[in-house]
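Look for subunit A in each of the two complexes below; its partner is subunit B in the first and subunit C in the second.
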Partner chain A sequence: MNLKKLLYIDRRIIYLVVAIGALIPIIRPIGLPVEPTDPVIGLFDKLESLSPGDAVIISYDYGPSSEPELNPMSSAILRHCFQREIKVLIMAVFPLGGVNMAIREVERIASEFEDLEYGVDYVNLGYKDGGQAAMKALAVSIRDVFPADVDGNDTSTMPILMEVRNYDDVEVVISLATGIIGEWWADLVNAQFGVPVAVGCTAVSAPKYYAFLRSGQMIAVLGGLKGASEYEELLKRNFDWAREVYSDPAEMKLAATTGMDVQAIVHVIIIVFIIFGNIMYFATGKEKGR
Partner chain B sequence: MQPLGLSIGVWVNALLTLCILSFLYKDNPFFRFAESLFAGMSLGYYIGIVTVQTLQPNLIQPLGETFFGNHNYLLLIPMALGIMLYFRYIPRISWLSRIALAVYIGYYVGVLMMQKIHGQVIPQTRDTIMPVTTGGIDALWNLVVIIGVFSVLVYFYFSVEHKGVVGKVSRVGIWFLMISFGASFGYTIMARISLLMGRFSFLVNNWIRPMFGI
Partner chain C sequence: MRRTIPLVLTFMVGMYPIFAFFVPHASISGVNQWLDRALMIVAAFALPLGVVNLVGMNLSKIKQKRAGWPYAIVLLAGLVVMTYFGVIGVITRQHAGFHPTFQMLFDNMVSPLQATMFSLLAFYVASAAYRAFRARNVEATILLVAAIIVMLGRIPFGDMLTGGRMTPLSEWIMNRPNAAAQRGIIIGAALGAASMSIRVILGIERTYLGKSRD
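After this line comes the complex of A and B, so read on.
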């Protein structure tokens, strides 16, 4: 076979092979094992250490383009919080979709818990423009920054916001972040107000967040789909209700663990192509006498 | 059977996804249509969400209450500054926009200076001051971090020619940089595969399967 032809293989053939590799586990999930790691266990342990009635902020700082990675993370964390009767304040500082992601996710997960009461156990405060300015202002008064919730309801009469007034009443901030926003929570809110921060981020952003984790500015980092699948695994290992939820076929389609099957297969394909490309490169280089 | 509204939404979603994916074959009008639609809708969405979620509850409503006894007059100042930003489109009074811009830049420079020094420079520098004589694997990793930080800093120090000892140390810095780029690239591939999986999962589970009842 002519090696040069293989070296200049049409990129669309590579796309096709990757597409087939991605489709197979979606149609028929394999269920490859997932092992939780310390950066993810940090958030699980933190939420386990909280008492019923303690409050957390979950900030939906991502848009539709990060949905496949961060929605499973959000589902797992929300379920854990609601199951432990932790009060959840939901907000967004990312303009393009954060609030929509939050509305859909919170409605879906909250509907699984019959006893939850909106405005008492959780509240969706919606999006706030201003980035760091809004984050800083939350240290003074959450109600002043969010006088209305996502539906325009007055927050001043909501019991949850009478108890949780500012960062002093928040046990941990969890930012589900795309881009740089997770960094702001660490280098502004954690650094200046001492609130523990955990970040669930897209895999692209994960490497830089490990520096914050190592320096103690973050208590946990959930990196991309892998981080989400590890959190799901932690829930399944520790709780019967989680094993039940994640064995439901409808839920399995949305779960990060299913997505990790795709990751594993496509990674193998890419590794094979990289090795193959390098072998071909050196083989043809020798032919040219280089 | 899905509700009609939902199925129309799914169909629009699926067809636009296919339009975008068609770029993988080659550039075409369907891709460009979907791309332009997305760009336009994103801008419209942003304007809408800022108006409804920030301007309405934090400015318009409290100012409206001013007429009913709640004296929120201070809000007139940020409102005026916000409007002044748009004066740059009126040449005669465009200089006024610079006042608003100065306040805006002044605030964020102040916030960012504190944020970066207090939240990044000091804690990250502190984190590189670590024991290396305690023995064990932790001391070894600490040494790796220290050598990595030092050699990369030397690589980015351009006031001295990279020859001799400096050249050798900066060479080590290049190795550390290459390893970090490799890690970032691996994570980037993982992220992109997740996006692909998200779209494929939608097409298979929300579009094709309900269409054929499987």
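After this line comes the complex of A and C, so read on.
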């Protein structure tokens, strides 16, 4: 067999192998083990250190393209906050669907908690244009930046916003971010106002956030499906309610732990292709020119 | 005069926040807060500007029947339909300002289309990795080995194969060499942004004003 043909294997064959590799764990989940790492444990520990009534901001800074990676993260973090009776202020600064992601996620997760009261325990403030200007203005008054919530309700009468006036009353900002927005929270809100910032991002964005993590400008980085699955694992290891939630087959379909099976298989396929490609490269005498 | 007024305005609104940052007195920061609110409004106006530009470019593409012009029709139709239902939703203040048709289109078209685009990356990355990750020289080999370690460290198989050593090794690569390189890139980009901002504030960089007719 001509080795050069193997060196320049038709890309459609690669696509087919990747598609089959991705489909198998979707049809029959493997349930591979997940081991939490320090960048994820940082956020878990921070939320565990808070007292009931403390407040956090969760900013939905992503759109539908990042939904499969960041929705499981959002679900796990929201569940953790609501279980610990931490007050949650939801907002979005990403224009292409950030607020839609927030509405869907918050409605779904909040419905799991019967005692939760809108406007008291949590509020969805909606989208605000202006990015960094909005983030900066929140340091003065959250109500001024968001005079109405996502449904158009007056925020000045909401108990949660009477208690949480600005960053002084916020324990941590969690940005579920695509692109550069996570950096803005670190550059501006952490650097200028000293609020701890954690970022949940897509796997491709994760490497740049390690610089912020190392410098202390972020307390945690949840990178892609792996970060989300690690957070789910932390919840399952520590709480009975989480083990119950994440054993529900309907919930497992949406969970990052299930998605990690697909990611694991596809990574292995890519690694095998890389090794195979290099073997062929040397076997053909380091073919040049392509 | 057409250029002097914008230059003076740029200088003032550029310098004031810097001044206010170093002089946090109430009388100074009050104006700065007003500027922040004004910036949010100005940013909102960037959207219609973008829409006008997009419509103009695509209309001319359709008129001249340039390559891919049917896609321009799809784009404009999508823009008109989503804008129509978006505006109706805001006026009627239905669920969170989202008209049911807008939400339906978003959930069943925008969302799956964007997710599909992103998902295609897995296929392209696999194909590109097979072709590009070759141990051609020392640098490429280092990159190749680091990539395999990080990829294995991001999945449970890595630890299974190495008795739990792959995740710490992958985290070390991310925390040390990667973070160091990222830091350099970030600091470099920040210095570039700062120098460009100073050039704009001082009126040295004027391309944002458009072509001069003076």
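The criterion applied here is as follows: the second predicted complex is superposed on the first by the 285 of 290 C-alpha atoms of A that agree within 3 Å, B and C clash if a C-alpha of one lies under 4 Å from a C-alpha of the other, contacts with A are read in each partner's own complex, and residues count from 1 in each chain.
Keep this in mind: contacts are C-beta pairs under 8 Å (C-beta built on N, C-alpha and C of every residue); 3 or more make two chains touch, one makes a residue touch a chain.
What you are looking at is a predicted structure, and each value in this text was computed from that prediction instead of being measured.
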item	value
First (subunit B), second (subunit C), both or neither touched by A:115	neither
Which superposed partner A:217 touches (first subunit B, second subunit C, both, neither)	first
In the superposition, subunit B vs subunit C on subunit A residues touched	C
First (subunit B), second (subunit C), both or neither touched by A:240	neither
First (subunit B), second (subunit C), both or neither touched by A:226	both
Touching partner for A:253 - first (subunit B), second (subunit C), both, neither	first
First (subunit B), second (subunit C), both or neither touched by A:278	second
First (subunit B), second (subunit C), both or neither touched by A:129	both
First (subunit B), second (subunit C), both or neither touched by A:151	second
Footprint overlap on subunit A, comparing subunit B with subunit C	15, 18-19, 22, 65, 67-68, 95, 97, 99, 126, 128-130, 133, 136, 145, 150, 152, 203-204, 206-207, 211, 214-215, 224, 226, 263, 266-267, 270
Residue ranges of subunit A in contact with subunit B within the complex	12, 15, 18-19, 22-23, 26-27, 65, 67-69, 95-97, 99, 126-130, 132-133, 136, 145-148, 150, 152, 184, 186-188, 190-192, 202-204, 206-207, 211, 214-217, 223-226, 253, 259, 262-263, 266-267, 270
Residue ranges of subunit C touching subunit A (in the complex, touch as defined)	33, 36-37, 39-44, 47, 93, 95-98, 103, 106, 110-115, 117-119, 121-123, 125-127, 129-131, 133-136, 144, 147-148, 151-152, 154-157, 159, 164, 167, 171, 174-175, 178-180, 182-183, 185-186
Residues on subunit A engaged by subunit C in the complex (per definition of touch)	9, 11, 14-15, 17-19, 22, 32-35, 37-39, 63-68, 95, 97, 99-100, 103, 124, 126, 128-131, 133-134, 136-137, 140, 144-145, 150-152, 183, 203-204, 206-208, 210-211, 213-215, 224, 226, 260, 263-264, 266-271, 273-278, 281-282, 286, 290
Interfacial residue positions of subunit B with respect to subunit A in the complex	24-25, 42, 45-46, 49-50, 53-54, 56-58, 61-62, 107-108, 111-112, 114-116, 118-120, 123-124, 126-127, 180, 183-184, 187-191, 193-201, 204-205
